[in-house]
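Next come two complexes built around chain A: one with chain B, the other with chain C.
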Partner chain A sequence: MNYKRLDQNDLKTIRAIIKEEERILYGEEINEEYSHDELSDTVSYPDVVVKVISTEEVSEIMRYAYENTIPVTPRGSGTGLVGASVAIEHGIMLDTSLMNRFLELDENNLTITVEPGVLLMELAAYVQDRDLFYPPDPGEKSATIGGNISTNAGGMRAVKYGVTRDYVRGLEVVLPDGKVVEFGGKVVKNSTGYAMKDLMVGSEGTLGIITKATLKLLPLPKKAISLLIPFPTLEKAIRTVPFIIKSKSIPTAIEFMQREVILDAEKYLGKKFPDSSADAYLLLKFDGNSTEEIEKDYANVAQICLEQGAIDILISDTNEREESIWKARGAFLEAIKGSTTYMDEVDVVVPRGSVNEMVEYIHGLYKEVDIRIKSFGHAGDGNLHAYILKDDLSEEEWENKMKAAMDKIYGKARELSGQVSGEHGIGYAKKSYLMESMDPATVEIMRGIKRAFDPKNILNPHKVCQM
Partner chain B sequence: MNILVCIKQVPDSNKVEVDPVTGVLKRNGVESKMNPYDLYAIETALRIKEKLGGSITALTMGPNQAAGVIREAFAMGVDHGVLISDRKFGGADVLATSYTISQGIKKSGTYDLILCGKQTTDGDTAQVGPEVAEWLGIPSLSNVSKVTELKAGSMVVEMDMTHEIEIAEIEYPCLLAVDKDIFIPRLPSFVKKQETKDREIRVITLADLEDREEKHYGLNGSPTQVQRIFPPEVNNHREVWNGEGSELTGRLLSKLKELKFA
Partner chain C sequence: MNYKRLDQNDLKTIRAIIKEEERILYGEEINEEYSHDELSDTVSYPDVVVKVISTEEVSEIMRYAYENTIPVTPRGSGTGLVGASVAIEHGIMLDTSLMNRFLELDENNLTITVEPGVLLMELAAYVQDRDLFYPPDPGEKSATIGGNISTNAGGMRAVKYGVTRDYVRGLEVVLPDGKVVEFGGKVVKNSTGYAMKDLMVGSEGTLGIITKATLKLLPLPKKAISLLIPFPTLEKAIRTVPFIIKSKSIPTAIEFMQREVILDAEKYLGKKFPDSSADAYLLLKFDGNSTEEIEKDYANVAQICLEQGAIDILISDTNEREESIWKARGAFLEAIKGSTTYMDEVDVVVPRGSVNEMVEYIHGLYKEVDIRIKSFGHAGDGNLHAYILKDDLSEEEWENKMKAAMDKIYGKARELSGQVSGEHGIGYAKKSYLMESMDPATVEIMRGIKRAFDPKNILNPHKVCQM
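Moving on to the complex of A and B:
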């Protein structure tokens, strides 16, 4: 595809649409952070960054870009991990972070309508103050809700409550040619044609630009209690998970963590974790309407853990205790990042029943490939985050070993009927693994969908299913 | 080492509301928990016991349901529990409370070391600990942020006095009111909770005390008269200025001078 390189004329048109000069960054004014996301080494500058504030602006920019075949890359907080928000073909970057208004809290329908730039932490706090609950809880709280929808982010409550997709009711979307459409709505049920809303969720900014989202809310559970469960070994901890799943009691989260990662987090936060004496931990969270109800819920699970070799079951039942644990859990990614020179990540997901096999495989891999790998994750939903650390390796050693480790991990995930990404997406960095794992016929359908939405291929090119 | 830890049950909320008409704290429907500062006192006791051996007793004063915090202390590793409870103790101010606790302590045993949290999150006076020491006639230190050395007849501690750290050596028996973060409190253990679920909690009533004069306890023994309780005023005053950096800097400086901050 031959794209038009942005010139002064285009800039003039953009200025006419946006009107406020401070919302346009051009050339030297473009900060380095706009050239990459939080992790992947995909680096490319846009020609211009436009901080949009309304659907109309997005629509007009898209119409102009479409007519002139200028590539456009949408971006929220830039906290992605796979390069989805990097402007590979340069052109225009649409920064939606100023579109951060809460538009409507509909208490009759238990929905909230927001602009895409609202941050996850702002949304969570806003609804919690009104005794309501937005369950998706990815670790990165400063991500935008638009970004969460674009990757179908999962997070730490997926075991009980599901993922972002399950909470998106309706979307206002600007199509690549500038048309504004609505997918879904406030309705609870919907059998009206193809599930366009669901096609948008997880499309990583390749099909359209989300300008409004209507999200489903739940009543806020009155009380939550976590159990921090020390085990003598990682194997013992992770092998307990299938028993917990089978027990039919439903924690909101089942996370596993190793001592080393906890120590990294203590160092990063400058704050001690309530316990770091054991090699491995499971962290379970239960919610409900009263302490008694939750205690009854977890008694059975606690017994199972003890039978499987847990050293103890530690109870976190107050806000202070919850904060000391979950704040550290939320900082794991940053803490690991701080413990090395550079790293790359794997976000595989396997069927829940196979999670122990996958974790043990990754744990054993560092010996086989001779590279440091740290992992933690959502044991209860089968989604694992493994971080391959560069440390003092030379570029060449790093490339070779990292590639070898990745190939093995994705290979094992395939063997266990797993998928390439559980919640971070494919973006730019994971395309080759998607191609390897997906049926070519399915990839062709994906490309057909992309063509139907974006026949000129101007919106976020080279991402997901495109080479 | 025989250690006593004084603990208290408080409402589990950061936003305790005050009834604007009666001036009384609205406690209905609010779950309760152990005063967060007391967790640090318990942890300090457990760490000292791990080094020197001995036994730890947790003591609280309150209605029957206050036994809940003693059970929690058991689940953290505390050995014995004492509940000072009598209707006649109700409505006590800091003076009557500290007197009642000191009487209860005398009755419950002899201790080398008494630990308290620096303050509670409901009353916030930070006075009960030191007053208990006064009634018992033993030395006390507050704001203890670090235990530096444990000796045979004394200990060396650091106190965080906001602008400086004070180091002191104190002889047993003594009372220490510990600051938060002296140690990170361990979480209660489910296993210990099960093991101690039938452990006896000793209840001490007015009839058990050395001084049984009712006038010295509860509302009768409290010289403090509460006129009114009200939530503090919230100052949300903000000013927004627009303009050039250099101009705003000057304006900011004169504003700070006007407010006597600079």
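Moving on to the complex of A and C:
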């Protein structure tokens, strides 16, 4: 594609649209953080960062960019892990973080309509204060809701409540040519044409720019309790999961964790984890509207765990203990990052019944490829996070060993009928693995879909399925 | 489009692919039922009906049809209401009803993989016998699961459990050119490229032919109980719904019904409805794993209903009573059809908070347009079914009045931020209403998506967004 390089004339038009100079960063004014995201080593600067505050501004910028074939990259908090919000072709970066208003809480329809820059933690707190509940709970609470929608973020409550897509009812979207459309709405059911809303969710800023989202809420469950369950081995822990899933007591979360990652978290947080009796744990959470209801559920599941070889059942029924456990869990990514010089991640998802095989395989790679790999993840939904650590390897050793480990992990995931990403997306960094794992016919259709939205390929080029 | 008209040569190739002559119907051998669906007045015969039994057959037929630009229409049980399975351009009809095998029940992953011709009632019974649960529950139990997926069928348990899309994990799809691809899989979470699985669901046989579906199951709830709640007026009944939704006791179903429709059902079934005390009812269902749990839920909701003016709370806790109520509910469509000479339907969905306004508006049309209209529907999810009755009107009067009523109903739904179809789809019959209600930019993108899958437009032409 022959993109137009941004010049002073373009900047003049942008200034005319945006009016407030402090919302435009150009050249040297652009902070280093705008050149990358939270993890991937994809680095590229936009020519200009525009901090938009309205749908109209987004629409006008897009119309101008479309007419002039200037690439545009949308960005929220920049907490992504796969380079989806990096401006590979430079051009305009649309920072949506100032579009952070709560527009409407509709208690009759149990929906909330927000701008895309609202942070996940702000949204969760806002609805909780009103006795309502937004279930998706990814680890990164300072991500924007626009970013969560763009990656179809999953998180820790997916076992019981599903993922972000399940809570998006309607979207206002600015198309690459600047037109403003609505997909879905407040309606609960919809069989009206193709699933445009669902297609937008998880499209990583390549099909349109989300400027408003109407989200489904639930009544806030009155009680929650966690069980921390030590097992003699990780294998025994994970083998227990299908028995839990089949029981009629569905937890909101089933996480697995190992001592080595817990140690990192203790060091990172400067705080002891509440138990040190075992090498492997399952962490379960239950919620409901009465203590009795939850107690019945967890007693049932505790029994299953003991039958499958659990060492003990630690019930976390105080806020303090609850916080110390989940804070550790929430800190895993940062803690592992802090334990090494550099790292890269895989976010494979495999059928629940194959988690053990996948985890064991990843463990075996430590020896086979001779590189440190730490993992944790969502045992209840088959989504594993494995982090490959650079430590003191040379650049060349790192590149070779990291690529070898990645190839093997993604290959194994394919063998187990898994997918490249459970919740982090493809972005820029995982594209080659997507191409390897996906039928070429499907890739061709995805590119056709991209063309249907963005025939000039100006919106977030080189991401997902675009080479 | 210039389609090739099917000739003897094409028939010879089809015979070579299919081999068993009794699975090919040609010309005069084609039963009248293949020329239409359950309701819409769209009538057109295919040139040949092919009863396929395998993915390979579907693939070979599609490859041949694609190479020769012969239109193909997929069809399950033909229970649709909007003409989606009618062969407008003639050509080949692929009848998938013989592809009705249960391929795998995976108890570790709680999934079942079936062929598209399995009937909804067969699927429900099969998993129930194994203490498992497939929640989607549309009224038409003899629809195929392939048809349910193609319309993203909703049904009566959507309030608590969601719709068909929420239970489709993976699909095997034959593309228009004959290539076989898989979208999704057994994985629970997926952020790997665009949402192809979700896009296929609800695409009404226009993007590909579903040849296998992996569906999510739940553990079977141990108990269910229904409440039949008479109200003095329909308005009072429907005004109660938002209070129920906001309570922490979510029913699986919230249906509304009126005496006039119940009378039709009594006549049709030859069986008395268990109550005759009121003109309007809410019908609620609760499920769970213990009687106490359900009792607490329904006691809570019963209290809400009484506070909002319900006349009584009739608890259906025997199988007999349960059956007599839900059998009446299930018979509404057929019963209304039997009460008139001919009818057409609307399946609008509006935000839950606007159901009352929509229902009142439809009632008012009876006088305004001077035509009988009967309605019932899913109060809990805003999806209304209204049937416009021909009775003894002349063809001309019928056309005029029916169109006038439809225009007004769809216009009102738009005004209330509703959508054309909640669960029946667009097919052929509702296309003009889709075009009126949808942004032209969105229609253009949908057509681009269609082109990405089917550049020669041979698969189910003239449906959904194709003129």
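Here is the rule we use: the second predicted complex is superposed on the first by the 466 of 467 C-alpha atoms of A that agree within 3 Å, B and C clash if a C-alpha of one lies under 4 Å from a C-alpha of the other, contacts with A are read in each partner's own complex, and residues count from 1 in each chain.
Following the convention adopted for this analysis, contacts are C-beta pairs under 8 Å (C-beta built on N, C-alpha and C of every residue); 3 or more make two chains touch, one makes a residue touch a chain.
Every value quoted in this text rests on a predicted model; they were computed, and no experiment measured them.
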| item | value |
| --- | --- |
| Partner chain(s) touched by A:Leu227 [first = chain B, second = chain C, both, neither] | first |
| First (chain B), second (chain C), both or neither touched by A:Asp275 | first |
| First (chain B), second (chain C), both or neither touched by A:Thr291 | first |
| Partner chain(s) touched by A:Thr318 [first = chain B, second = chain C, both, neither] | first |
| Superposition-derived comparison: chain B or chain C, residues of chain A touched | C |
| Touching partner for A:Leu306 - first (chain B), second (chain C), both, neither | first |
| Contacts of A:Gly353 with chain B and chain C, given as first, second, both or neither | second |
| Interface residues of chain A shared between complexes with chain B and chain C | none |
| Chain B contact footprint on chain A (complex, rising order) | 223, 227-228, 271-275, 291, 302, 306, 312-321, 324 |
| Of all residues in chain B, those that touch chain A in their complex | 12, 14, 31, 33-34, 36, 39, 75, 184-193 |
| Chain A-touching residues of chain C, taken from the complex the two chains share | 106-111, 151-154, 158-159, 162-163, 165-166, 175, 179, 181-183, 185-196, 198-199, 201-203, 207, 219, 221-222, 242, 245-250, 289-290, 293, 296, 347, 349-353, 378, 380-383, 417-426, 434, 437-439, 441-449, 451-453, 464-465 |
